[in-house]
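There are two complexes below, and they share chain A, which is joined by chain B in the first and by chain C in the second.
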Partner chain A sequence: MKPAALWRIGLVIGLVALLEVLCLAGVIDKLTMQPPHVMAMDIWRMLASGSLNAAIAKTLGNAAIAFLLAMAIGVAAAIAIHRVKAVREALDPLFATYYAIPIFAFYPLLIILFGLGDAPEIFIGTALGVVGVIVNTLNGLDRVPRVLMKTARIARFSTLETAWRITLPYASPYILSGAKLAVAYSLIGIIGAEFIMSSSGMGYEISFAYNNFDNATMYPLIVLVLVVAGTFNAALGRWEKALMARRGLV
Partner chain B sequence: MNMMTNLAQVSLRGVDKIFPPPAKAAEPIHALGPIDLELRRGEFFSVVGPSGCGKSTLLELIAGLSTASRGEVAFEGRPIAGQIPDGVGVVFQEDASFPWLSVADNIAFGLRRMKLGKGEREARIERALAMMGLGPFARSYPSQLSGGMRQRVCIARTLVTEPRLILLDEPFAALDQQTRLLMGDEVLNLWRKTGATIFLITHALDEATMLSDRIGIMSARPGRLIDIVETGWPRDRDSRIVQEERFGTITARLWGALREESIKAIGRPGGGGQP
Partner chain C sequence: MTASSVRSLRNGAVLILVLLAIWQGLYWMVGDVALRSPLQTVMFTAKLLGSDSFWPHLAETATAFGVALALSVVLGLAIGFALGTNRFANDVFEPMLVTAYSIPKITLYPILLLMFGLGISAKIAFGTIHGVIPIALFTISAVRNIRPVLVKTGRVMGLRPFEMVTRVLLPAAMPEIFAGLRIGFSLTLIGTLLGEMFASQRGLGFLLMNAIGLHNIDVIMALTFLLTLFAGAASILLLHMNRRLQSPA
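Up next, the complex of A and B:
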């Protein structure tokens, strides 16, 4: 393992240990936060009892759908936008300012459009993730060398074949960067939406536990969200690194 | 003796290429022509000329990557007119290997559109790997290879489709002199084995002299063929011909024809120095 990775792991362990000490010493009171070892035991108890399995499955399922939609729509849109210079020029400034838009503020409208249920939450998760995918995919497509496009023409590839066989594989490390953002934004979108417009899911349960001073439920759920997001991001990061290494770029 | 036949495989008649003006007030750019040329089936034909004279434009017209503004380009009697003809392979100056594929998969890529049985497909890949000396590197990725080896991967990817016409656009430009000579030997060897016609664009006069049956010399822009030199080399030749007296004579003749054009191309008056 590289020294930087060891330092990173050491830093996280150090922060958890510090939190443990501060909680046990009473510097952080029990109403505010539990010691990490208690959170770990609560996670185990919660998963073993299955009391929140439905909420966890709903949130992760919807986040997965939002992520897949963001990837599919984002990559397809990027391919289309990349082909038409005028569209690209028109949309670039909008992409640059997209994350300044508070999408959650539109939730009443989304409920009117999609009704109560999973659809508006999935919409928010997808909407938050899709632009990160588009921007990163465009970045990758911009880098495809012209000589590879000539090679595609010599091979008499159609537009779709060129995308599938040449431009998307070339841009894959950049698409994976977009995927990492999409994982994070999908989870943020779904959990955030559950906070404000749902009566189920991890976001709702966290909010409910918070309102009832139920730290034994709230912190395990927060840690679980962190673990899921971190695991997916780490897996995508490793994949991205492997692709870059294959190209001699790491 | 040269074994090529006299059948024209590629013909260009009155071909011009004019690019639209780069800005509103500017004039259209007459890049090339008029060009009249016939490539004989199985010959090794090279084109030399000053920078910016339209050599690569000429190759793109023959490859079908670009359309002539005037005149006609035909391959085996059929007009090309911007359609990529079947039976033509191109090796570009830039590295066109696919970095996400292994060497063997890069070579197999050329066969995707061909309906071949698995056995034939694998046999062709094996042959191409062996012919280009890439056998031990079949599972390597392009990033693990030198520039010369990556170019060999691109040549192998072209060869595996068994093209009848191979277009080489300065394929050795990024390589050092020794590697270029050795790559030249490999290309000559391939040319003999495959029987394909080779059309080479190059800046290097010695490379053109060593490899070619005929060498077309182009003028400064708009590029026209101002002379065609027959080398008279035997088909069974290699880089050792650089030691022959005639090698120097032919190279000097190319330079004699090109010097004034090169001076024009870089935009300064010539003729003031020693002959």
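Up next, the complex of A and C:
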């Protein structure tokens, strides 16, 4: 292992240990944060008892739906937009300013339109992620070498076949960068929406536990969300790196 | 005016018209229950801007956002320059920053509330953790991409570290840093607003949440419109400045 990686692991362990000592010594009081070992035990207890499994399943399930929708819509839209130059030019300013717009401000409208339930939450998660996927996919499609497109034309591929066999595989590392964004954004969208207004899910449970000073429930849930997001992102990042390495790009 | 700027103006105009048309069409479909037409929204926004009770909330949000943005920029640039000029420290810390960038920070908000208490400081902290990481990451890559000959020249001139940053590194890395600032700007705004929507008694986010509770569609539409307008305008302005920086004068 490289020394930098060892240092990094050492640093993380050191930080957790520091937190543990500060919490046990009472510098950070119990109402603010629990010592890490208590959090770990709480996670185990929570998962074993199954009391919050329904909320966890609902949130992660919705996030997965939002992620898949963002990927499917994003990649399809990018292929369509890439073909028509005028549409792309018109949409460019929208893409450039999109993430400056607070999408959560539309949540109340979505609740009124779809009712309080899964649909507005999934809509927010998808809407947040989709533009990241579109922009990254377009970036990848831009880089497909001309010669590959010519080969496709010589082989008389149809539009779909060209996308499936040439452009999408070529753009896959860039699409994976978009996928990493979509993982984070779908979780942000779902949990944020649950925070603001909802009656179930992890976001709701976290905010309920916060309001009741129930740190034994709040911290395990937060750590669980971070672990899930971190694991997914690390896996996608590794895949992306492997694809890039195969092309000698790293 | 060059041909490309005329084209980008035309594209922007077309986009705004299309969005307005979609908005009006949605209004016709959904009706008064959930939406207001563009015209009604603009009129109510003007009324809202004229009322006295609105301005303290705007001031609260503006203060929180301003402080959070200043903190993000200062901290982000400091982290970026420290890591960008030190290879080993960068190898240790950059993957941690990338991970921190991709986690859903909204789950951390209750922890920040417990640490900072209810009030403006928790919002500022929440806005800052959103903005600081992209600024730091872009600065790192900008500093790393500076041509070595510039740094060597600075060293030959015997510049002190601070002079090195202000005279050589900052000007050379500015275009790329600016791209990070643009993203940091939007994320800080979103962070601050999210902070206000959850456990807050003042600010635009609070007004929005209050309007949701009261089902006051006029206020919801006007606030959404104002925020989108502000964020969009600021983002376009920054994008324009960024392009000016990137194209050689």
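The criterion applied here is as follows: the second predicted complex is superposed on the first by the 246 of 250 C-alpha atoms of A that agree within 3 Å, B and C clash if a C-alpha of one lies under 4 Å from a C-alpha of the other, contacts with A are read in each partner's own complex, and residues count from 1 in each chain.
Going forward, a residue touches a chain if its C-beta (ideal position, glycine included) is under 8 Å from a C-beta of that chain, and two chains touch if they have at least 3 such contacts.
Computed from a predicted structure; not experimentally measured.
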First, second, both or neither for A:R8, with chain B first and chain C second: second
First, second, both or neither for A:R153, with chain B first and chain C second: first
First, second, both or neither for A:M39, with chain B first and chain C second: neither
Touching partner for A:L138 - first (chain B), second (chain C), both, neither: neither
First, second, both or neither for A:M218, with chain B first and chain C second: second
Touched partner set for A:R246, first chain B, second chain C, both or neither: first
Partner chain(s) touched by A:I122 [first = chain B, second = chain C, both, neither]: neither
More chain A residues in contact [chain B versus chain C]: C
Touched partner set for A:A55, first chain B, second chain C, both or neither: neither
Touching partner for A:P169 - first (chain B), second (chain C), both, neither: first
Those residues of chain A which chain B touches in one complex and chain C touches in the other: none
Residue ranges of chain B touching chain A (in the complex, touch as defined): 63, 65, 84, 88-90, 92, 94-96, 98-101, 109-110, 112-113, 141, 143-144
Chain A partner contacts - residues on chain C that touch it in the complex: 7-8, 11-12, 14-15, 18, 30, 33-35, 88, 91-93, 95-96, 99, 102-111, 113-115, 183, 185-187, 189-190, 193-194, 197-199, 208-209, 211-212, 215, 217, 220-221, 223-224, 227-228, 231-232, 234-236, 239
Footprint of chain C on chain A - complex, ascending: 2, 4, 7-8, 11-12, 31-33, 89-94, 96-97, 99-102, 104-109, 111-113, 180-181, 183-184, 187-188, 191-192, 195-197, 203, 206-207, 209-210, 218-219, 221-222, 225-226, 229-230, 233-234
Partner chain B, residues of chain A touching it in the complex: 145-148, 150-151, 153-156, 165-166, 169-170, 172, 243, 246-249
